[in-house]
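Each chain carries a letter (A, B, C, D, E and F) given by its place in the written order, and its residues are counted from 1.
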Amino acid sequence: MIDPLVVEELIDRALAEDIGFADLTSELVIPAAARAELALNARQDIVVAGIDVAAQVFRRRVPECRVELRVKDGDRVNAGTAMGRVEGPARGLLAVERTALNFLQHLSGVATLTAQYVERIAGTRAVLIDTRKTTPGLRALEKHAAQLGGARNHRLRLDDGVLIKDNHISVCGSIALAVKRARSGVPVLTKIEVECDTLEQVTEALEAGADMILLDNMSLEDLRRAVALSGGRVPLEASGGVRLETLRAVAETGVDFISVGRITQSAPAADIGLDAVVRT
Amino acid sequence: MIDPLVVEELIDRALAEDIGFADLTSELVIPAAARAELALNARQDIVVAGIDVAAQVFRRRVPECRVELRVKDGDRVNAGTAMGRVEGPARGLLAVERTALNFLQHLSGVATLTAQYVERIAGTRAVLIDTRKTTPGLRALEKHAAQLGGARNHRLRLDDGVLIKDNHISVCGSIALAVKRARSGVPVLTKIEVECDTLEQVTEALEAGADMILLDNMSLEDLRRAVALSGGRVPLEASGGVRLETLRAVAETGVDFISVGRITQSAPAADIGLDAVVRT
Amino acid sequence: MIDPLVVEELIDRALAEDIGFADLTSELVIPAAARAELALNARQDIVVAGIDVAAQVFRRRVPECRVELRVKDGDRVNAGTAMGRVEGPARGLLAVERTALNFLQHLSGVATLTAQYVERIAGTRAVLIDTRKTTPGLRALEKHAAQLGGARNHRLRLDDGVLIKDNHISVCGSIALAVKRARSGVPVLTKIEVECDTLEQVTEALEAGADMILLDNMSLEDLRRAVALSGGRVPLEASGGVRLETLRAVAETGVDFISVGRITQSAPAADIGLDAVVRT
Amino acid sequence: MIDPLVVEELIDRALAEDIGFADLTSELVIPAAARAELALNARQDIVVAGIDVAAQVFRRRVPECRVELRVKDGDRVNAGTAMGRVEGPARGLLAVERTALNFLQHLSGVATLTAQYVERIAGTRAVLIDTRKTTPGLRALEKHAAQLGGARNHRLRLDDGVLIKDNHISVCGSIALAVKRARSGVPVLTKIEVECDTLEQVTEALEAGADMILLDNMSLEDLRRAVALSGGRVPLEASGGVRLETLRAVAETGVDFISVGRITQSAPAADIGLDAVVRT
Amino acid sequence: MIDPLVVEELIDRALAEDIGFADLTSELVIPAAARAELALNARQDIVVAGIDVAAQVFRRRVPECRVELRVKDGDRVNAGTAMGRVEGPARGLLAVERTALNFLQHLSGVATLTAQYVERIAGTRAVLIDTRKTTPGLRALEKHAAQLGGARNHRLRLDDGVLIKDNHISVCGSIALAVKRARSGVPVLTKIEVECDTLEQVTEALEAGADMILLDNMSLEDLRRAVALSGGRVPLEASGGVRLETLRAVAETGVDFISVGRITQSAPAADIGLDAVVRT
Amino acid sequence: MIDPLVVEELIDRALAEDIGFADLTSELVIPAAARAELALNARQDIVVAGIDVAAQVFRRRVPECRVELRVKDGDRVNAGTAMGRVEGPARGLLAVERTALNFLQHLSGVATLTAQYVERIAGTRAVLIDTRKTTPGLRALEKHAAQLGGARNHRLRLDDGVLIKDNHISVCGSIALAVKRARSGVPVLTKIEVECDTLEQVTEALEAGADMILLDNMSLEDLRRAVALSGGRVPLEASGGVRLETLRAVAETGVDFISVGRITQSAPAADIGLDAVVRT
């Protein structure tokens, strides 16, 4: 779970941009004493992600509200499932319902799409992983949603993993030198991965002591050869333009990881409804 | 265009979450004096959005870099189009290229999807409008991207437009009272819209002096009747579950606006490549 | 009411600038266990504004304090009225009393001055409105205080209302073109107002479809003619150098709104006392 | 002068609250290439304060603009004086002119009102000083404006000066003990002032080694006696309800300082005009 | 005590930099329902500082935890002393224990080192004072820790005390002029200190009306002469390269204050252990 | 190098806490046009760290100043070395010199102390590593300084490395289960380390597939046995109470890493002088 203080900051910014000075309509039209009861309902099959964030949105702005969750992050629920209820002062709850829902729909969308990819490679040794292709500002939450959908994270940001790409290599002159330079300065709990375009590079990277190898845009044939070359010495990641249709074939080459940017970058919002009843 | 100081804050947060303490790989592997040249290329037909933001990302972190844009926000460009180049210190540019691209791909995705919707209703009087269903933290940019795709904005946030919904009405007891309360306190340059589920409500809303009416989930038949009822007195907005397939039929009922949450909430990232060359 | 999270941020900044590292005097001189009871008293006739903000100041820094308010925002109270009491740990309450009072006196000052202007035009159709001439940092609160004093807000900021001024017109070449450009990009719930210096411009603005017209520095005679010209088609705002003495005459020309910068920009602080008793 | 990084933060907040996502009108109506020239003109006699802040507002948002100031902070200028010009991109300058002017008018208002008070006591030994009765968020700037108007600052905040008031004394049991406690923990460059309601207390405070004494709400007669009692040993401050009319009489009692909250709390905005010309 | 809102901000930054997105280990390995009990134990003789900050760290991130402190800031405790216990949800407490301890060990280190210096000058009239040589970001807390160790603070920052140094003097041409300029603009509760390198300067400073004199890097002999020169008129501060070994000799010259940068700048962390027990 | 935007934020906070509203002395005493030249000089043998940060401090607040560095981060310089010069407006440079120096002295202190430890183990296979025992707020900079002194970083924070400690193990029931849980959720570029108190645990950890093993407080004998047990399969870290005196013996056991909290937590400030000359 993402740390609550990290999430609070994201919530505060989201509320600030959506509310501005005040929820004009509710402040003007609804009596201060009115109460509201909100119900969250899944309108499609989803993998739940962000239900804790949504709850935190309500509690942050309306500390006195009661939140009752009937599902939890990571649950797979069917269309029609009652996901939870929130009860409290109407003005406050109506002011934040859209923000709560925006988080929940977006993150459940990521988790749900991820799960579709993960399902495709069930039974293979390959594990789906995410990338740094995330929506600016939502890295932590989207990475967590991808996990809830069954993927693993690749790295969280630029300082917790080394990925030596073609440009790094060409500037250094060799994979060996690039790995050596990286090794000298990287935290000892951080791994070094090398991006390879060819099988020759794979051999070089293995010799250079890379902790992991990214096989960039290789054909299925080359992926298989790379798997053979490595012989299980280091984990191999297939990357580059993998789509839902081609995913299983890639997995069946024997690679350890397949990275897909689309799960965090192009997930449609999950269809989740919020029904409100307000009483004076 | 979104104000540059607003954008700078978004950029700073996006860089902070992606970089952490430092771009470990580039700092360790690339000599401080190395230069990079990056090229942005459209890999699909897109409506450009966020190219200014991407340029600002590069300039914010690497003030001495040179940015040359060959397209501008709002341009429709074909797959293969060279969109721009950036030249400067390699370490800095590589540290931020992903963040620049994340903004550009996401926002161009929104503009491109929006344009597809807009195209469907060409020739009708209906105008596509967006909603508050946006990605938390990116409201301003996504609203701008929707505009670049040909939509208009509905409202920016809760304090710059009044939208009286069913709950507001039921608490007040009548549309008339809800509008009256809203009118008494709303800034004089802000309009009041009333959500109506039935034609009776449309009549009530017209009598109550609403500035605009939202027709919620109405059948095509009812939309047509509402258009007739209103007789052009106030703009009418059709809303609720409108999809690309049903869009034109809705537009042909004669409504003034059609709101679609999907354009900001579910747009897949545009396929834009960034190719880098690094030289020592 | 302004959103509590917006207010909390203003309070935090105000406390930070007034306290610095600590309230040296109270920390050094008053025992940690001492309790204080503070009483807020009106020392002049006022329209109350900011009493909720003041209460929030106390609660923010001293969560365990008890606040009892005897008046509420918008109340008109006479000199001598007991406005409320706060009881709690002495060190904390003394550290923030000045900040609480600074908010309350300033905002009640704005509301009270506004009410004096509003009173002058009682019985006319004219409504007093505020402007963007506010104290930097306090826009939201001052706009709210103006409302409590009986005015309505014009617009909250530059993105929730369009006001086309002489410069915008001269650059476009015509009011018609300026309105057309604005209409194409403005959110659909936001109105477009045009500033007119002459009756010819009023005619142009009406034809261009302006939603509202600002009559800038016009004579009473011209104001009357503009009212006749418009014939109630759009609301008219009189603006420019209106003072308490000339207000009623302007109102009697038949305009809908009169804007006055002075109510937010030049309101003297309301005289409200805070009497404290500290007990060990 | 207030530190530029402190001022930048105030400017950023002021711009954020006034602009929101963008200056809609200028972005929509004015071509990107248009230039503007703004002229600042005094419309009343003023003591200038905030002209540097206004210049920094323009430069912060429009770094490429040219600012030419013809007056500087502290100058006394007559109605009609041309205070400065700004030239640059029209959209950016129009977006911030109101904020620049809000700072300038408010701060010049404070300096101008302060100067009126200061003038009244010319030729006496008394020096006007300010208080902590400032507008929340603007402490630093208002204190500086008061100085430009000829006052001196009392203390900047609660951690740079000790002021022992009646409550502190009553809790301690004696002025002597209160001063002793304060002395033991106060930074060595910070003075300790004691508020006295009676001449007996003045004697006590002198004996206790107070660095300065505040004479609270004393009659002119008692002020004179206090001056005699002190015999110049420590500076004396007269405080409490001093108005422009009574100021000189208080000064003539021989006190060293007279504090007036009104100069920062109730200063009307100075009348300064900003005339803009926009050219395509 | 430093104001809790000031401390909260420091805590939030410290937690953000140590936690990042989440405490990966605890989130993955420890069940959500597990409880932890932490015990803080002194492993050396220390002067306690920061125990309140540590408690605030736990409460900030884990509001439902129970904190029981057995010592308080300023206490002198022996190695082996049980300082306090914290009980609550294991994941949250383990995520913040290091940050709590980092504050406590650092601040107790400052207080403990300070106390060693203070002890050396027991029985003399000299008082140890701190400097602006503090760790960036921790000024308030380190100054407070120095006080807990028995020192007094010199000034908190650049705006709450005037210290005229050699460069200020040489630019002005004389101490007299420098003091005069400073006096004209300094808040009335703030003292003016003059740095003197020679006895001639001391005489000048006394004549110029300095409130305090810093004797910079003077020999013991000159310090004694300065004390004689001043004759108790203003406090004298000895400064410059004073070490634990030379401290007492300096104190015995009769100066009022001795400033030492080392106490805040070079204090080794106090040895305080945190033992945790986790239960499912 | 730490990312410049990260450093800028640290600098802004450090300046804010040291300057407050303004550098009173310089603003009052030094003419606005005066220039200063500052020289940084090593007064002891040091490993330079923070010279870039110091330069950034000057440039941040005084953009027009000229900074000339003669040493760079990581350089080992002798007492007496001229490290660099800064020339520019006197008021601005004097306002920030203390903050620049506070960063430089602290960070060079960390690097210099680290180098002393590193030197002790020269010629062994052991590498010195740091810990999370850093000064709150300065994690990034201190970790970088430790690297400049010749150490490597362990992990940067809680989300970029997994360290399974005794409590994690006892809650899980076995090392195997703890590692399995961690492996399932950790980013694929992040390593998992297990803390072992006994040789039995070392065997367990090896079998569980730990990426690295921390040998906690083991005797030299047990360290040697652990090295033999592991046989080079995974890196071994010796930790717990290692001091300068015992360091080499630990290194000679054959462990790969030795972690020492003291290098970041207890480093005395390096003695670096800043000499200023001011000219009108």
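In the analysis below, contacts are C-beta pairs under 8 Å (C-beta built on N, C-alpha and C of every residue); 3 or more make two chains touch, one makes a residue touch a chain.
If you're wondering where the values come from, they're calculated on a predicted model, not measured in any experiment.
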{"item": "For chain B and chain F, chains touching each", "value": "A, D"}
{"item": "Interface with more contacting C-beta pairs, comparing D-F to A-B", "value": "A-B"}
{"item": "Copies chain E and chain F touch via same or different residues, half shared test", "value": "same"}
{"item": "Chain whose mean Cα position lies farthest from chain B", "value": "E"}
{"item": "Chain pair among C-D, E-F or A-C whose interface repeats that of A-E, sharing over half of the contact pairs by residue number", "value": "A-C"}
{"item": "Centre distance in Å when chain A and chain D are each reduced to the mean of their C-alpha atoms", "value": "51"}
{"item": "CA centroid of chain C to CA centroid of chain E, Å", "value": "44"}
{"item": "Length of the line joining the C-alpha centres of chain A and chain F, rounded to whole Å", "value": "32"}
{"item": "Set of chain D residues in contact with two or more other chains", "value": "19-23, 27, 95, 139-140, 156, 159-163, 184-186, 190"}
{"item": "Pairs of chains in contact (touch as defined earlier), listed by label", "value": "A-B, A-C, A-E, A-F, B-C, B-D, B-F, C-D, C-E, D-E, D-F, E-F"}
{"item": "Residues of chain A defined as touching chain E within the complex", "value": "1-6, 139-140, 143-144, 156, 160"}
{"item": "Chain B contact footprint on chain A (complex, rising order)", "value": "10-11, 13-14, 17-31, 34, 36, 90, 94-95, 98-99, 101-103, 105-106, 109, 132-140, 156-165, 167-168, 170-172, 178, 181-182, 184-186, 190, 261-262, 265-269, 276-280"}
{"item": "Chain D to chain B touching residues, read off their complex", "value": "12, 15-16, 19-23, 27, 60-61, 95"}
{"item": "Residues of chain E defined as touching chain D within the complex", "value": "127, 129, 147, 152-156, 159-163, 184-191, 193, 211-212, 235, 237, 257"}
